[in-house]
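Dropping the structures in below, format is structure tokens.
Paired with chain B in one complex and with chain C in the other, chain A is shared by the two complexes that follow.
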Partner chain A sequence: MAQVEFRGLGKTFADGTPALQELDVTVADGELLVIVGPSGCGKSTILRLLAGFESASRGDILIDGRSVLAQPPQERDIAMVFQNYALYPHMSVRDNLAFPLRMAKRPRAVIDKQVHAVAEVLDLKELLRKKPSELSGGQSQRVAMGRALVREPKVFLLDEPLSNLDPRLRGQVRAEIAALQRRLNSTMIYVTHDQVEAMTLGHRVAVLNKGELQQIGAPQTLYDQPCNRFVAGFLGSPPMNLCEAQLYRHRGDVAVRLGDDSLAPPARLRQALQRYRGNTVLLGMRPEALTLGSGEGGNTISVTCLAEERLGHERLLHAAAPSTTVDCNGVPQSPGILSIRLPSGPAMPAGTTVSLRVDVERLYCFTPIGKAIGRLADEPPNGFETDS
Partner chain B sequence: MIDSGATWRQLLAVVGLLTFLSILFVAPIVLILAGSLKPEARVLSEAGTLRAFFPTRVSLQNYRDVFERVPVVLYLFNSGLINGLIVSLGLIVNSLAGYALARLRWPGRGRFLLLVLALLIIPFEALSVPLFYALSALGLRDTYMVQVLPFVANPLAIYLFYSFFLSLPAELEEAAQLDGAGPLRTFVVIIVPNAKPAFATVAIVMLLFHWGMYLWPLLMTAGESVRPLPLGIASFYSLPPRQWGDILAFSIIMVLPVLLLFMIFQRAFVRGVASSGVKG
Partner chain C sequence: MAVRPATVPVGQRNLASWFVAPAALLLLAFMLLPFVLAVAISFTNLRLGSPLPVEWTGLRAYQRLFQDQTFGRALLNNLLFASVVVPLQTLLALALAVLLNQPVRGITIFRTVLFMPVIFPLSLLSVVWVLLLAPGPDGTINALLTTVSLGAWQPRDFLNDAIWALPSVMLVSIWQGTGFQMIVLLAGMQSIPKQLYEAAAGDGAGAWQRFRHVTLPQLRNSLVFVMIVTSILSFRVFDQVRIMTRGGPSDASTTVIFEAVRAAFDRAQVSRGAAMTVVFFLIVLTLTMLQRWLLRLGRPGVEK
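Right after this comes the complex of A and B.
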């Protein structure tokens, strides 16, 4: 197991396309870091740079304090689980598992013992004679994990390992990976575009956009204290509602006008919002920060229902937003829709006007360029920090 | 699904056309086989009739004659050796070249690929005279090597391998690299076993190209000792007395090995395609 350090790491492709800006992150020994972001944000490039499949344009990568940039992939002692598993089609499961050990010229008895041990852990004993073409998606995934585990590498890389599985299996395998990581206490870097995987698996989550690290921290910290519009809008399902709102002077203080309604900002934001009085800002509201009914102090908004998704234990209400809404990239949405997470209840036909109480303590404000205003706390220094 | 008269008629038309084409292609071979099994007197007398396709009295005399009159075994050995070397060396050289073009990064790769493609359209006859001078100057005339060397590297084979390797997922090689295999080992242990269809195809193509090779051995060899079957049959043709039954028997001897090999390779080819679960 090992510590991985990215120091000012950058990559620009030969055609001039920037893939990764300066990345400065340290992954602690035994940590599971999830890198999350939309397609093309550079997250797989980080893995490929670390594995040695791509050469870095700038910066350095250190494993246990030693630069590995000059080493070919086979000398870096890294194992990787690929998105399509990349099992060797002509070899049985046993041979797939034994391949890394054979390459390392381990004695036959050791190979047999380790293959057996990994097969035991991952419940692969029944599959050892089968070829990859005879395996289901979940089984292939386990074999790919097994091949990575078998030679006990310093670092595990997982490149969207669950994206080829059906949603039901995905949850199960996610739990298995988390349990395995805890048991082995291994350093893992896990890349995904699925924010649910990021939130549930990572000790820390790094959010990446357009090759630039947006924020890194414990999943709940990122969810509760996003540093910018992108992180706020990317994490969470459905994502945070981002509506344009005006700040105005109200009885010597500052208030927020959202459409025709007024909201009193929480005490933690008031000081910071004074600077932006008279300006338009982006107001962020999580779908669960809105509830049915009118609240005290006028912190309510009126919206018209557009559609309702009933999920059994809860329902998602989609309503016409009182002002222009934008997505995590700041692109205006047309039509602007407000998502509200509500407990299950009587049906709400389209066209109904409802009052929603806004939990103002859970309001977020972002500048027009998307920077969070008055965050609770700045990010902890770049170190290993978990919720547990 | 066949469920109407119209579909039946369509099917009948297709089967009829395919049967006609099959007869067209198979008829000459049947004619040669039937002729080779007939006594000499009947070969020409029955040539214009339908009986030309059926051996009315089976005799192996023509085959005996051929083996007595010319060193067929030597010709067979020469052809087998020359083609065996061309195909086996060709598979190694061309697959490595195709792999280097498809996967390795090196300066001038794109231009080299263009050059390979351009070579596809140059007929061998155009190259034979300069090659004749070059290889004669090296003192290689009248050898097996001179009949092998110019044909080992083959642009069509390189291109076939190149296209196949491009279709293999790159992650297979990357996984092997991380598992500790160097580039050559990755090629031998991971790529080659998954490229059986490409190897079978190239082997068939190269063998068919060179088994009937005539001009080059004629230019480069003088004595019988290193000459292949096509030159043997040519000299046999001009050897008096000209016996058509013997010539037909020699033709069958020449066709048979490549036909057998083709059938074996074809099976390997189908098996290769069926078992190449490169999807992962």
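Right after this comes the complex of A and C.
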């Protein structure tokens, strides 16, 4: 097992497309790092660079402190699980599992023993004589995992390993991967576009967008303290509501105007928001930060219901947003929709006006270019920035 | 009675048979009928322009055929031809396909050049090669070999040499046929998923091992196809022989089809020629069955 270090790693494709900007991340020995982002954000490129299938344009990759850029893939001792599994179609499951060991020229007895051990762990013993074309999706996935596990490589790379499975199986295999990683204590880099996988699996999660690392940290930290609009809007399902709101002076303090309603700013942001007074900011509200009912002392907004999704244990209310809303990329949505997570209750027909109490301590504020206001250590020096 | 449910209305089925009719008629007239006639004629003593009445002679034509040394030589030559040309040409095509599968600039130019011999008529190419293989020190190939060997090569008349005639025909065939095999193999290679190579590299396989464990098994069906087609062509070889050597010297380069044409059209022994084509047909049939069997063998055990 090993530590992996990306130093200023960058990749520009031959046609000039920038795939990855400067990436500086160290993956600790035994860590499971999840890289998450929308498709085309460069997350797979990181794996392909590490595996050696692509050559880096800039920077360096170190495994246990030694640069591996000069080594071809077969010398890097890295195992990869592909999205479509890439099992060798002409080989039986047994031969697929044995292949990495045969390439490593292990003695036959050792190969048999290790294949047997892996088949035991992954419950593949019944399948050893079958060909990949005879396997179901879940079985193929397990064989692909087994082929990666069998020779105990330095690093495991998993490229969207669950995206070809049906949702029910996905949850199960996700748990199996997490358990396996804990038991083997192996270094694993797991790429996905699914934020649920990222939140549930990762020791740390790296959010990537347009080839740039947005934020890296523990899943809960990313959820609770997103550093920018993208991270805020990408993690969470449904995602954080991002509405335009005005900051105005109110009795010598600062207050937030959202549509026709006004809200008190969260105490933790009061100081930081002072310098944005008189400006428009993006107000972030998690769907669970809103509850039904008008409270005394303000901090309520009234909205018109558009639709309701009943999930049994809870329901998602979609209401007309009181102001312009944007998605995680800052693109205005039309119509603007506010998602609210509510406990199940009597139906709310479309057109009903409801009052919602806002838990102001769970509000987030972002500058128009999307930086979080009031996070430690990343305040812009000149107070306000304009979109460049 | 057919058990299949009649999903197509009767009127439409009649319409469909009208569409099939032209092709079916042509196939019947130009493929099936001549073949049936050939089999029938091979059991008679038919000779063109002979005053003798045509008689049913049973297997006599075949008996004579297998006692005939020239025909034996022709069969042997075909076997020799196939056993040299098929492996050599396949290996060469495979090597070229591997080279042409690289992402190199101007690769289409190489592909075009190497494929070019396939699109020219074999008869034309044979004439060109007759000129290249011209006897004496001024013949292109002779001159080249003399220069390369620093004078050690003795110029010879390739096409009139009992030892060199057949290899010369083989050379032209390989040179002409490799392009076709190469394109088939190249197409096969390009349909191999790239991720299999990446998976193999990740599993520690070097370039040779990736070729051995990914390319070759994945190329299996293309290879079987290419080798069977080349084998059939090897038994059918005619154009080159007719133009370059006329089967000579003294049957050194004769082949089954060349003998069949010679018997039927030069010597008017129609029944003899027909018997030869039937033998040829049986050989091709065997090869085709072999191909079908090999291809079925390659599929996974359970078919659904």
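Basically, the second predicted complex is superposed on the first by the 374 of 388 C-alpha atoms of A that agree within 3 Å, B and C clash if a C-alpha of one lies under 4 Å from a C-alpha of the other, contacts with A are read in each partner's own complex, and residues count from 1 in each chain.
Throughout what follows, contacts are C-beta pairs under 8 Å (C-beta built on N, C-alpha and C of every residue); 3 or more make two chains touch, one makes a residue touch a chain.
Bear in mind the structure is a predicted one, so any value in this text is a computation, not a measurement.
**Student:** Under the superposition described at the top, does placing chain B and chain C together on chain A give a clash or a fit?
**Tutor:** Taken together on chain A, chain C would clash with chain B, as the superposition shows.
**Student:** Mind working out whether A:Glu361 is in touch with chain B, chain C, both or neither, as first, second, both or neither?
**Tutor:** In the superposed model, A:Glu361 contacts neither chain B nor chain C.
**Student:** Taking the superposition on A as described, I'd like to know which of chain B and chain C A:Lys131 touches: first, second, both or neither.
**Tutor:** It touches chain B and chain C both.
**Student:** After lining up the shared chain so the two structures overlap, which partner does A:Asp60 touch, if you call chain B first and chain C second: first, second, both or neither?
**Tutor:** In the superposition, A:Asp60 contacts neither chain B nor chain C.
**Student:** Which of the two partners, first being chain B and second being chain C, lies in contact with A:Asp24: first, second, both, or neither?
**Tutor:** Neither: A:Asp24 stays clear of chain B and chain C.
**Student:** Considering only touches as defined above, state whether A:Ser140 meets chain B (first), chain C (second), both or neither.
**Tutor:** After superposing on A, A:Ser140 lies in contact with chain B but is clear of chain C.
**Student:** Jot down the residues of chain A that show up as touching in both complexes, chain B in one and chain C in the other.
**Tutor:** Overlap of chain B and chain C footprints on chain A: residues 51-53, 72-74, 78-80, 82, 84, 86-90, 99-100, 103-104, 131, 133, 147, 151.
**Student:** Which residues of chain A touch chain C in the complex?
**Tutor:** Contact set of chain A toward chain C: 51-53, 72-74, 77-80, 82, 84, 86-91, 99-100, 103-104, 131, 133-134, 147, 151.
**Student:** Which bits of chain A are touching chain B when the two form their complex?
**Tutor:** It is residues 51-53, 72-74, 76, 78-80, 82-90, 99-100, 103-104, 131-133, 140, 147, 151 of chain A that touch chain B.
**Student:** Provide the residue numbers of chain B that touch chain A in the complex, in ascending order.
**Tutor:** 169, 171-172, 174-182, 185, 190, 193-194, 275-280
**Student:** Which of the residues in chain C end up touching chain A in this complex?
**Tutor:** Touching chain A from chain C are residues 193, 195-196, 198-206, 209, 213-214, 217-218, 220, 298, 300-302.
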